[in-house]
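Note that chain A is present in both complexes that follow, paired respectively with chain B and with chain C.
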Partner chain A sequence: MGVEDLQIIMAESLKSALKEISENKDATIIANGTDMMPRIRDEGLKVEKILDISALDKELSYINVDSNLIRIGAMTTVSEIGSSNVFNGSLNAFYEVVSKFGGPQIRNRATIGGNICSATSSEDFIPLLMALDASVVLQSVNGKRTLKLNNFVIGKRSVNRRNDEIMVEVQFSKPGDDYLSGFEKIGRRNILIINLINMAIVMSLKQRRVNDVRIALNRVSGKVPGRARLTEGFLNGKEIDGNIISSAREKLAEELKLSSDFRASADYRIHLAQAILEKLLNRFREGV
Partner chain B sequence: MSVSVESYITDLQKKAERGELLYIGKSLKRIDDLEKVLGSPIYTNDLIPRNTLYAKLVLSKYPHAWIRSLNVSAAASHPGVHLILTYMDVPGINESAAIVPDRPLFAHEKVRSTGDIIAAVVAEKEIRAMEARELVKVEYDPIKPVFDPIEAMGADAPKIHEGGNVAKHIRVAKGNIEAGFNDADIIVENTYRTQFQDAVSMETETAFAIPRDGRILIMGSMQSPHNTQASVAKVLGWPLENVEVIQAVTGGAFGPKSDETPGDVASIAALGALKTGKPVLMSMSRRESMIAHTKRHPSIIKHRTGVKSDGTLTASKVEIYLNGGAYASLGVLVIVRATFHANGPYEIPNVLNDGYKVYTNDTYAGSFRGFGAPQAIFAAESQMDEIARKLNMDPLDLRLMNMLRPGKRTSTGQLMDDSCGLPECVDAVVKSSDYRKKASEYSNQGGKLRRGIGIALLHHGNALGPEGNDYAYVHLSVDKKGRVHLGTGLTEYGTGAISGLAQIASSVLGVPVEYFVIDRPDTDRHKESGPTVASRVTAIGGNASRNAALKLRDRAIAVASKLLECPLSKVKIVDGYAFSEDNPEKMVSWDEIAREAHDASVDLNVIGYYMAPRCSWDDSTGLGSPYNQYTFGAAIAEVEVDIDTGLFKILNYHVAFDVGRAINPKNVIGQIYGGSVQGIGYGIMEELVHINGQVINPNLKDYYIPTSMDIPDKMTPIIVEKQGAMGIYGAKVIAEPPVVLPAPAIRNAILNATGGSVNDLPVTSEKVYKALKH
Partner chain C sequence: MSNILISVKVNGTEREVLVEPEDRLIDVLRDDFGLKSPKEGCGTGDCGLCTVIMDGKPILSCITPAFQARGREIVTLEGLNNDPLMKNIETSFRDHHAAQCGFCTPAMEIMGYDLLKKVKKPSKEEVKVAISGTLCRCTGYYDIIDSIYDVGGTE
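This part shows the complex of A and B:
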């Protein structure tokens, strides 16, 4: 089965998209296709019916701040996130994700909704949004529901989406001014990589004391993204110094259960995660 | 004409040296620059008419197996499918092999790698062919495979071909190796390993065949149309003349398109076209190409070097095992070049090199830019740094002490004449990089980020040498408008070399390059000129182009002398105008000369020919002078390594090549940049990974080549010119050597920064990290 045999349904609006998906539950949703198209072309992914929601950018491309709640529409592109000033200050990590994301062409097309729904360990927004304890909003003809991101992304390429739902938004509370955020990823070249490991940290730091730290990685166990709870528990309430950082590195190694592949061995991936942890904590400590 | 050709050539040579030839040594614009930038060239896949059929390959699932049964009936009855081609459909010889007849076009009875072609499906749409190929039923009886070349040489290793698993052995032997080791104060032994590299030309292998009244026309992407013609004729069982091959605009090649794959795609397209009576396109997907075409050989290279405590090299024993994959390909020549260059550019009195190209059940390896030199020089130059460390000597000093200079001899015993510009290259990069200062600065560093500086040198035998007869033809034909059509069996595939041939002819004729039109190479029209490989177009083809232009010039001068009413010997042609020396005011333009020639029935169609002097190589003694001349090069890389993670940056890269004479300096620099980037890829990230004979990353998502973000911020190419004996105006080859130096230079810089030796390519951050934490 290939592109020529596809049945393609073009949705003109969110309303029509919801109707179509309720009537075509077997359809595969495609937003801007940067993840889907290579899978169909190169990985032989078999799809027969597509619901193309790319025209929904009219309705679902937004970054809104409602008092303390930041809401990002599913069709918002990576470039749009990069050029918004909403993320200045405590949410600076968003710009770090953007600047290391694909190349310019990909950034202009890749959507945050597609990024979350792809649900692989190469998706960079997932750890950052997990560190922010974000929720996704799913909508069907029957209404909306909100789900914590860690209950939504449940495995590699596996999300908790009912087959008549479209993800319309991701939202999280804006952290206070005493919060810091950081993101780092490492691959085998400088851009256009499938990362070996990435990590996002969000935490509050007052007089060197760590509070409410949230650390998320693209891989915590196997290839599934998640939070490094043990390390978080260790760091909370501590004053960061060199010793604490090295102990945190040890804790992180204890809780990561990674696997090797042709790109890197498990122990090197763990070592890189430790190095990123140290780098980000040092950066926070030095206030840069 | 009163002037003899010889004296005219000497005169040209002198003028070239004095920089007086109008078009030589000038960075002229390439003839195809603009169309390349506009994306307007017509590549093979742009030529396809509507009724074309598409062919897709069925590749082997096993690396080594008997084919128990092959059933194509379900696939053949799939909608849109016209034909399934298998070994049974080959009317001629079922073979697609360059030198050793060991590779069938379609697997028969046995498969030896996962790149083996079992069948090709020909259908109305590509998608139908792709669906149908899933329906081709093949039953296999797996045979025990072998993937390690040294293991494959063992007595009880699985037999891949009749006649053993060593496809080629070659030996270089000089002096007395045992005496050399006895003379040594220390002996240094190391084993180096290199990986499969894919060429990743932007366009994959592709061919388009049209049946034509008992003949067949093939247009495709390739380096050597006459080789493709011979492959197709063999498969069809036809005389050569009935197969016409035109090289379409070719989107990169790098060597694999001179090996066996262009023959595969052309033969399959031709078979399909003849059986169906319709045009057939056989165009490999990236995946098919990365699995089924030839790559750079992985290698295991063992070095044992004897050295005196003052740094004098006394003996070098090298064993090279190239993992050839399942077939010989041009790899039987690759091992020759690798073995000749295995000790690096040094004079060593006692040498014993054994090179083996070995069959395994990996996909096959073959011709690729550098042709064995990247593996050989990586090992040799890494070994030099290991020796320097043992002696506590600066790696540069060790090299200065032992390297080739005029009067020194290579490992095969070849005497270096005045054209050996290695000292000048070393000097240039040492100055440009401020090596001495940096080496002392970096010898004492603390902290997490450490800098290092590394050096690597090379010599590179020019053109084919013992790989074949080194000749070329160039056709020049002037039409009545004065346009000079240049045709040759040599091909352009991205380097600008054919523009260089026009530049050379234009310098002889005195007619600007703007008058030149380059014809598409066509076996019906152009004489076979040997393969377009070994960086030989400018050096060898340049001589043929000059010879053609000399003939044409005689005829044009005769016409001009009539128009100018002056003696032949007085006619000069400069920048498109002819005049008499005695009366430079009166001029006739090249356009007028062309028109007059046309009207007066003067034939302005000529063919120039050149064959390089034979080289000497004696297999029985392991000695000789295998190449007419050498290119030399030196590189210095500077890196910064994070010793916590092994992650590193290449800060800058200085590289100098002795190119004899830069016919077009801009193009030379272009080759240095491009080759260096491909060499950086080879050095630090590229690797086509085989696991149990299966290629696991045959796509550009998982196979990394460098991006603009991965190359050094600063690259400094330097041209050194010490004229060689053979090449046109003293030119030496440059297309391949640049790919060789980055890997050892970077590896040595990392060693300098961290004290960690990475002896297998690519030098990834993980390997650097592991070399640090033992």
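This part shows the complex of A and C:
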């Protein structure tokens, strides 16, 4: 790893993890390390003190449904999400995220908490969870607080976590049975983490008209993920047809404030986002 | 630098081993336990060649810190030597000439094994998905896919 005198604190329970992080605020949390380990090796990330929470899978790996509220523990893996039947129907997009996520070995380790907290601007669960208006639950020795995901992920590699907190859960209300959801991403190769763009849409159709649509992307402004509110506003109440789709594409281009980097130009990314939007809307028009 | 004493079950035997904080699981398996079936291709999670089974699930040992193996159960290809399903898979790989240099073979066989444990008669599509995180630079994949596919339904 990065340094010679690396200190590892191994937490065997949530209680001890919270105590350790309150006493070692400079420690870097490691869940299952699928994001962190390649960074240490490839990007020369320097860490001196690690708080290992991988053993918290015993407590924080769960998918609970409390009436309408779905609660996913931070240590739940992508594979566990894929093999749960909680997401059938209106939350089908979860299975789409899973099937496009890394390879099977990565899915067996990648946690949803790690996915949200790494916030690389290409994390695949973030747009879908934002489209669901999800909240994260952060815990410290002093208690819990709940924060909307869009107030938590504030930039590339930047989250609103106090340094004595551990993220324990992500939660959201299950949309009604008449809702549809979809997820798409475009990158060079599925199993490589770095996608150029990804997008999730959740909506329903009422008398063939778009209702309560939420569109979220891994980037809406610079490298910050978020909702495409202008496009949403335009689509609500409209009946999807070819003209509406092409106007929606224009709206999306208008509101995305992206920049070019060595992977792709801003224009190309916008073009991809428009293509995904069209694809998903066409799918929803068919009711799937 | 303080070493960490961990207990881990490896191929059925409880072991204790002193690991360095920066050791990865692959280092401990290859260097301390002499288990050479996990190969290091990329070291960054992209090639799948370091695949081993942890608590019943295939994972990448090159991006798993060694200290995270504490209290877990690890199985490498060596540990499946006498497993009837793995024997069938190995025979099928031989019959199909699915190993050229052989560097990817342990990982491919483990991914085939994991699939066939879950799905008795997988489709070719399911086989492709199972090996989608594992690279082969020699065979062009078809022989590997056929090898795993043909074992399906024979149990």
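As a convention for this text, the second predicted complex is superposed on the first by the 282 of 288 C-alpha atoms of A that agree within 3 Å, B and C clash if a C-alpha of one lies under 4 Å from a C-alpha of the other, contacts with A are read in each partner's own complex, and residues count from 1 in each chain.
By definition in this document, a contact is a pair of C-beta atoms (placed from the backbone, for glycine too) under 8 Å apart; a residue touches a chain by one contact, two chains touch by 3 or more.
The model shown is predicted, which means the values in this text are computed figures rather than measured ones.
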item: First, second, both or neither for A:105, with chain B first and chain C second; value: second
item: Which superposed partner A:79 touches (first chain B, second chain C, both, neither); value: second
item: Which of chain B and chain C A:38 touches, first, second, both or neither; value: both
item: Touched partner set for A:186, first chain B, second chain C, both or neither; value: first
item: Partner chain(s) touched by A:30 [first = chain B, second = chain C, both, neither]; value: second
item: A:200 touches, of chain B and chain C: first, second, both or neither?; value: neither
item: Partner chain(s) touched by A:8 [first = chain B, second = chain C, both, neither]; value: second
item: Partner chain(s) touched by A:54 [first = chain B, second = chain C, both, neither]; value: second
item: Common interface residues of chain A - those touching chain B in one complex and chain C in the other; value: 1-2, 4-5, 38, 42, 103, 190-192
item: Contact set on chain A toward chain C in their complex; value: 1-2, 4-8, 10, 30, 32-34, 37-38, 41-42, 50, 52, 54-55, 79, 102-106, 108-109, 190-192
item: Chain C residues touching chain A - in the complex, by the definition given at the top; value: 1-2, 4, 21-22, 24, 43-46, 48, 51, 57-60, 62-65, 67-68, 70-71, 111, 114, 129-130, 132-134
item: Residue ranges of chain B in contact with chain A within the complex; value: 125, 127, 130-131, 286-287, 642, 644-645, 647, 685, 689, 691, 696-697, 699, 701-702, 704, 706-707, 709-710, 764-766, 769-770
item: Residues of chain A defined as touching chain B within the complex; value: 1-5, 38, 42, 103, 186, 188-194, 262-265, 268, 271-272, 275, 278
